[in-house]
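So, here's a batch of structures to check.
Next come two complexes built around chain A: one with chain B, the other with chain C.
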Partner chain A sequence: MEVPILKQGHYVIASVQSALTDADLRQLREQITERVGRFRSKGVIVDVTVLDVMDSFAVRTLRDLAHMTRLRGAETVIVGIQPEVAFAMVQLGLSLKGVATALDLEEGLAFLDARAREHLTGGR
Partner chain B sequence: MVSKQTPSAPRGEGPAPSEDTAGLLRELVAHLRQKRTALREEWARRITQAQLLTAMTEEEIFAEATSVYDNYVEALETGTFEALQAYARNLSERIIPRGVETHEVVGIVLLLRDVLARSLFAKYQEDFEKLNRILDAYEPAANRIANTVAVGFVQERERVIRQQQEAIRELSTPVLQVRERLLILPIIGVIDPQRARQLTEQLLRAIRTNRAKVVVIDITGVAAMDSNVANHLVQTVEASRLLGATVIVTGLSPEIAQTLVTIGVDLSEMTTVGDLQGGIEEAERLLGVKVVVITEAN
Partner chain C sequence: MAGETVQVITTDADVVAARQRGRLIAAHIGFTIGDQTVIAAAISELARNILLYARHGEILLEPMQQSDRVGIKITARDTGPGIKDVPRAMTDGFSTSGGLGLGLPGARRLVDEFEISSAPGKGTTIIMKKWKL
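This part shows the complex of A and B:
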């Protein structure tokens, strides 16, 4: 199932609605990297609240997605990882090192806002 | 044992045991009833002599001995073990908290078996054939009774142990909120894989329900740490980060610090602060909270 990707101000928000196949994940990665450039976005939020399983392919794709968008000037935050999923991930040794994570959409937005402020004040 | 007439435990009725066995058991039971007082006293005396059940007074031992004796004889007579089983459970429940050990319970049942067998020897010493047949009837039943009581005791003990473990587990991992979005997890005692798992799950759930941004894990109360425990800690930190919470570990004792460096565990991913106070201060810094001391105007 395709993931809706919404533009919200300077950010792009992808809200996963159901379990994703490998093809869906690849498509998500490509669409987001493309849209980050088109919308000149500063941040990406991928909401995975509905996922109750994250396999190695999903984790790797999300990590790659984050690194790709960073190269195109946008910081990615993965939000809504369930406690059970987080636990399973560390048990399986699947890590999202170098990728920002937040509790939910609200937190993710707050994180990106804080980062943008940092950027502004740091530039002065 | 000369012949094996009763491979299964004898029952008072039904076609399985031969009439002969049932009759012998009846005779046996009558004998045991008749000698009840003497045998009971003998038994209690032997228990004290063998220094079993030292946690109980002599009167208590005698009272319990009486009940066990009656239940024992009844089980022999009816061939049903439910009443005895229930009694064994009940007895175990009462004596386990007083520190009675498994070997003592097995010991007293075996003593009773011995005492009764001796009285049978004494009674039938003239008639060796009869003694043989009586023992054939008695031994399987007695063994089964000993088995029932011992198993009942051990099961009860295991139940108590399980219950206590659960209680300890629930008590030992409180996740406390000290400030908006700041949680503290004080760990005390030994961390085994099972506890580490439970701890992590509990922490992750608390992070979500309290919407925590920072967690301080205080391990002052952890005496020793090896690479397994350290890895569990790293996993906990990583899993918390996936939920968007930063973890600060505090209270690493000098011994633990030395062990970790010596065995080469990589904790570079982890933020560590000396003590709990320092950890909370660091957490407040991360949360952007500042505590201002208000001096009394005087």
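This part shows the complex of A and C:
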């Protein structure tokens, strides 16, 4: 099932609505990378609140997505990882190393806003 | 308790179906949401391995009942190329597919019992058991 991707200001927001197949995940990765260029976005939020499991492929694809958007000038934040999903990920040995995460959409937006302000004031 | 459920694995949608069915059975057995997630994740890794290496196989899901405990038995079997070096395939970070190499060792960490039998040309069968605490 396709993930709706919305543009909001300088950000692109993808809200996962249901379980994702590998093909869905790949499509999400390609579409977000493309939208970042089309909308000249500075930030990406991927909301995975509804995902009830993340296996090695899902984690790898989200990590690749984050690294690809960073190479195109946009920071990605993964938001909404459920506590039991986080537990299973840790047991599996899966990490989102180098990828920003936040509790929910609100925190994700706050993270991107803070980062944008740092950039304006010349910090990093 | 219900008998076994078989999920054929030939597409990536079957991987999703297998883990969703596994979660439902685990919920029915009375596993916590946390354990249901762990079981779904373990099934996902095994189903993914079938798709990746054998292209075709199946996942069997069976409730288990012993005198004082209940659990779930998950069998993943295929008639694919088999695994040349089983101990190595069970090592974190080892992959012949360019993946993360965490599928099998990761799945083993998620369950209570894990058995693998495989030989080149003879396919692979993995049996995982998880007991309800």
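Assume the second predicted complex is superposed on the first by the 122 of 124 C-alpha atoms of A that agree within 3 Å, B and C clash if a C-alpha of one lies under 4 Å from a C-alpha of the other, contacts with A are read in each partner's own complex, and residues count from 1 in each chain.
Criterion: a contact is a pair of C-beta atoms (placed from the backbone, for glycine too) under 8 Å apart; a residue touches a chain by one contact, two chains touch by 3 or more.
Because the structure is predicted, anything quoted here is derived from the model rather than measured.
In this superposed model built on chain A, chain B and chain C occupy separate space and fit side by side. Looking at the shared chain after the overlay, A:53 reaches chain C, while chain B stays out of its contact range.
After superposition on the shared chain, chain A has more residues touched by C, the comparison being chain B against chain C. In the superposed model, A:101 makes contact with chain B only, not with chain C. Judged by the touch definition given at the top, the superposed model places A:79 against chain B, while chain C stays out of reach.
By the touch criterion stated above, A:33 is placed in contact with neither chain B nor chain C. Legend: residue contacts after superposition of the two complexes on their common chain; A:41 is shown touching neither chain B nor chain C. In the superposition on chain A, A:69 makes contact with neither chain B nor chain C. Here the apex is the CA centre of chain A, and the angle it makes with the centres of chain B and chain C after alignment on chain A is 50°, in steps of 10. Of all Cα pairs linking chain B with chain C in the superposition, the shortest spans 9 Å.
Residues 83-85, 87, 89, 91 of chain A touch chain B in one complex and chain C in the other. Within the complex formed with chain B, the residues of chain A that make contact are 78-79, 81, 83-87, 89-91, 95-96, 101-103, 107-108, 111. Remark: chain A residues 19-23, 52-57, 59-60, 82-85, 87-89, 91-94 touch chain C in the complex. Touching chain A in their complex are the following residues of chain C: 12-13, 15-16, 19-20, 23, 33-34, 36-38, 40-41, 44-45, 48, 92, 99-100, 102-103, 105-107, 109-110.
Across the complex, chain B meets chain A through its residues 197, 200-201, 204-205, 207-208, 211, 235-236, 238-245.
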